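Written below as structure tokens is the structure these notes are about.
As written, the chain order gives the labels A, B, C, D, E and F, with residue 1 at the start of each chain.
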Amino acid sequence: MSEFFSMGGFGVFIWSAMGVAMILMILEVFSLIMKRRVLIKQIKRNNRLNQRQRKNQA
Amino acid sequence: MKINWFKYSAPMSFYPLAGKLIPLFWIAAIVCIAGGLYWGFFKTADVLNDQKQYYRIIYVHVASAWMAMWLYAVMVFWAMLGLIFNTRLSYMLASATAITGTVMTVIALATGAIWGKTSWGTYWDWDPKLTSFLILLFVYIGYIALQSAIDDKRRSDKASALLALVGLALVPIIYYAVNCPDPTECASLHQESSLKRVESNILIGMLVTTLGFWMYSFATTLMRARIIILERERSTTWVSKLAEITNSERKH
Amino acid sequence: MTSAFWIILKRDLLLALRRRSEIFTVLFFFVVVISLFPLGVGTEEAVLKKIAPGVVWIAALLASTLALDRLFSADYEDGTLEKIVLAPSFLSISVLAKILAHWLLTGLPLVLISPLVGLFYHLPINTILVMMLVLLIGTPVLSMLGAIAAALTLGLRGGGVLVSLLVLPLYIPVLVYGAGAISTSMMQGVSIEPYILLLLAFSLLAMVFSPWVTAVALKISIE
Amino acid sequence: MTSAFWIILKRDLLLALRRRSEIFTVLFFFVVVISLFPLGVGTEEAVLKKIAPGVVWIAALLASTLALDRLFSADYEDGTLEKIVLAPSFLSISVLAKILAHWLLTGLPLVLISPLVGLFYHLPINTILVMMLVLLIGTPVLSMLGAIAAALTLGLRGGGVLVSLLVLPLYIPVLVYGAGAISTSMMQGVSIEPYILLLLAFSLLAMVFSPWVTAVALKISIE
Amino acid sequence: MSLVVNNLQCIRGEKELFSGLSFVLTNKQLMRIEGQNGTGKTTLLRTLCGLSQADDGEVLWHNLTIKKQDEVFRNELFYLGHHNAIKADLSALENLQINTALAGASYSEEQLLQALEDIGLFGSEYKSSAQLSQGQKRRVALAGLLLTNAKLWILDEPFVALDGFAVKKLQDVIASHVENDGTVILTTHQEVPLTQGKILTINLDQSNNKPNRSDND
Amino acid sequence: MSLVVNNLQCIRGEKELFSGLSFVLTNKQLMRIEGQNGTGKTTLLRTLCGLSQADDGEVLWHNLTIKKQDEVFRNELFYLGHHNAIKADLSALENLQINTALAGASYSEEQLLQALEDIGLFGSEYKSSAQLSQGQKRRVALAGLLLTNAKLWILDEPFVALDGFAVKKLQDVIASHVENDGTVILTTHQEVPLTQGKILTINLDQSNNKPNRSDND
């Protein structure tokens, strides 16, 4: 097993390459999800405000 | 079944369609990447003896490098479409593609640098291909910087599309200049020569991973496009009627 | 039609003459960059000769970029640009006039002062002549590509840095072949013709497309 | 009194955050300039090591200068500067806030990204650390001297270029000693302490005088 | 000669400023565009000139959309926006000369000086424009009106910053232009008695209901 | 509390704009400065604030020249020039908040929002100021008047670019300030019915004879 992870002494490099790739990709997806959440929350708040405004005017 | 392309070029109909496609692309991406890496790590032991174990970096390295270049072409395609037909969706897709392209470029550069440390003993060298990739990164960054510097969406769409087009015209020239600093002879492009040297066993893993990266790019691009649509159309009625906007509002 | 060309060219030169300092600044910046390297690198003749072509070109790129920011934005801020766009002549011709003025004010002075580099870096006479020729052919490309970026970033905050960021990568071919020609001229028996031809080709290509692309970019930007 | 300091500092940082891309723009501009040199000068490791100190400082200088133009002129054009001058607090304190913001936005990022230069130019770890230290001490001087020039050229045409003209000669000592420290750190057995001390002295001197001089210059310029 | 506006719509950000705007303007007519701050007057004028793109509808000049006939249309157009198009480094005379030349006509120095004198800039002709007061700069820009042959004048708040004398002068100039078969479109918040020609008015407040305006009336 | 102007003289270029200008202004007074374009109104206002230096004479606030008492004077001064001091990248609310804070006072968000609503910017509070129209930007700048505690208001053409509603609102604000022991100095070319308080007028045209004016009257 440790044989597999050490990869003939190149383990550090190989795993860090894989790690960098994965981390960057996961970060991208994570930021997308967070952005979407924040945005939807904002839109909801706006809509609620608008509705209240319309009610007030009516 | 005939798809009405014109219909889907409207953000309103594209939004739900993209929503349906995203999970499919995610499944494909995970399957391909996992499969490709599994093949690469467990089915090629005989090809890679101990001295060349570092070769396994190739799976992510080449996949991201190819996607980085390919996504630039895709981005320019959308930008051009936008300039010609003035469809908002094309611009949105262009800017959605740019960021995934940048991420891929960074991954290619980072994994390439790590590889360089193992095989050349240095993280960075001014090899033509590395240099062209660095420049590709600059071009991507320029596109994104221009886009985010302009508030007016219509202007930022058009201006960055024009920049992408100018880039399209100049990138080959830049690539040529970097590769052939002496116009009478070009430095050998290690891409072609190296691909031929790659064992077919490794090639399979590489190709499958690349396919996975491509699916990943589809998924993230569509996700980002949906966010951009929501952002820009937030005050329209169709957005306020979307399930994700209306559902939890009742809870409040 | 062509009259707009002359009006704008004359006006830009007149404005520059009113503030002669601008021309000197570009020159001065060029000289400072040029002279900083011998200070840092030391005065070994071989090393200096080696870096001279690159340093000259990079100093030229940066100097040309410095003034780029104001190329259209001054006109934009005071409303003159709207006048130019609404003038009854092709916008691309007016743009060409502005580009030409920019080159006359930032490119040409560099060509004229470049022999100084030869002096600082111990270059042979022949190389100095090649350097001047190459700068003469290459610097217009800088102005022309720069105009596109300047038009795209019109009126944006932080325009100066952004414009350089956009434009410097695009300058690379000129840099590579411009510097290549100068280095080659220091070798024995190698012809610099291919370099010159390539640079000429870039220059022509840029001349054909850039005014037009810049005009489109301007129209997008002022909307 | 100090509250004006915080208000202005916070506002300038807020403005920059609104355009987060702007900070990155400065960073990437730095990286672009850094990577142009190997393309022009060639990629021999020995040569690269030689020119690295000069390159780093020129790139830092440019990045700092390009953003300088807007330091006061943005506030001047929209009338905010009059508000600041008429605010019930010392002008030099408000000025200090603006200078600090400028450094945080253009100087500090460069310090943080400078190890990349080490990577590109094959510098030893020790030199990289020296480079960071020297940039940390030296870049504030750029912002502070730059502020004086920016205040003097306020609202003048070609301000961006003129500012560079005024400020370049003032920067030269920082460049020379800054680059000198980095080169020296690559030699064996030579101490870089004198360089560091000189830079520190410049830095302190600038910190004491520049806000005050800048305030005076501003008052003259807006009259 | 007529300006025909068909079903024009402009959207800025998320807000529709106006839509379905149609009118015809022929010579000897003056149109005043009214509306509160931020209702889209400037946007409308810029769209009529072709500086901004409409989101829907079209603008015709001589029965041809303005996009198709750049030269002719722009030869007959005089536009004055919020900015004065004055270079601070040039004198009033030089500025006027360059601006008229750009518009396609060249005048002798006497004509230019006369125009400057008429608009009340006698004594400041050779001064660097940086030294002119706000109203004086505006006058330099307006001096172009005394010289131009353009048929269609589009003026965005021309009376801003002008003193009584200059306002009077400008009114006269506009009136005589309208009488001489000209067409004028302008916006102004100031109450200015305008010409005796035919005056049309468009009020952008009415064309659609904006929530953030309702509390003002 | 009073503003005393003694024998003030300003020369710009080679031209003497005014000289021997003296007046006293106490609370509950409003002064309107009149004069044609380029007679030196802006110059006078800037000199009163201390932004420009007079060539002769002095300006006293509480019997002390304004040069000697920066802090106190500037705390009691509200100056609005030709420019609005609005950052395009910040929202109306943020702009107002920063400008009031710079002037030395801090207000709660409700107060700021209320001021914006009062001046007719309801619905645009969070919009980036780049997207506001000319008149809306001016309103943001004027919103500061609704909040400030300053006694002395110096306003250079405050009515420019405002529509009818905003002009009315601003008149009211000025009137109530004058009533509440305030002092106002302003210039305007527009005919605006001003407050019922005590109004002084200075006409810079008369104070000396300028050759380039003679042909205008």
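Just so we're on the same page, a residue touches a chain if its C-beta (ideal position, glycine included) is under 8 Å from a C-beta of that chain, and two chains touch if they have at least 3 such contacts.
Remember, predicted model here, so these are calculated numbers, not experimental data.
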Legend entry - Required minimum of steps from chain A to chain D, each step between chains that touch: 2
Legend entry - Centroid-based (C-alpha) most distant chain relative to chain C: F
Legend entry - Comparison of B-D and C-E by number of C-beta pairs in contact, larger one: C-E
Legend entry - Copies chain F and chain E - interface residue numbers shared by over half, same or different: same
Inset, instruction - Go ahead and align chain C to its copy chain D using Cα positions, then give the rotation in degrees, nearest 5. - result: 175
Inset, instruction - Compute the centre of every chain as the mean of its C-alpha atoms, then state which one is farthest from the centre of chain B. - result: F
Inset, instruction - Indicate the whole-number Å distance between the mean C-alpha point of chain A and the mean C-alpha point of chain B. - result: 17
Inset, instruction - State, to the nearest whole Å, the distance from the C-alpha centre of chain B to the C-alpha centre of chain E. - result: 48
Inset, instruction - Can you check how far apart chain B and chain F are, centre to centre, with Cα atoms defining each centre and the answer in Å? - result: 56
Legend entry - Residues of chain C engaged with two or more neighbouring chains: 15, 18-19, 77, 157-158, 162, 165, 168-169, 172, 176, 223
Inset, instruction - Pull out every residue in chain A that's touching 2 or more other chains. - result: none
Legend entry - Shared interface positions of chain F, touching two or more other chains: 82, 88-89, 131
Inset, instruction - Over in the complex, which chain D residues touch chain C? Could you list them? - result: 15, 19, 22, 25-26, 28-29, 32-33, 36-37, 39-42, 44, 47, 50-51, 53-54, 57-58, 62-63, 66-67, 69-70, 74, 77, 156-158, 160-162, 164-165, 168-169, 172, 175-176, 179-180, 183
Legend entry - Parts of chain C lying in touch with chain B, wherever the complex brings them together: 145, 148, 152-153, 156-158, 162, 165-166, 168-170, 172-173, 176-177, 180, 184, 194-195, 198, 202, 209, 213, 216-217, 220-221, 223
Inset, instruction - State the interface residues of chain C toward chain E in the complex, per the touch definition above. - result: 3-4, 7-8, 11, 14-15, 18-19, 77-80, 82-89, 222-223
Legend entry - Parts of chain F lying in touch with chain D, wherever the complex brings them together: 49-53, 70-72, 74-75, 77, 79, 81-90, 94, 98-99, 101-104
Inset, instruction - Could you please specify the touching residues of chain F with respect to chain E in the complex? - result: 12-13, 35-42, 82, 117, 120-124, 127, 131-136, 138-139, 157, 160-167, 189-191, 210-212, 215-217
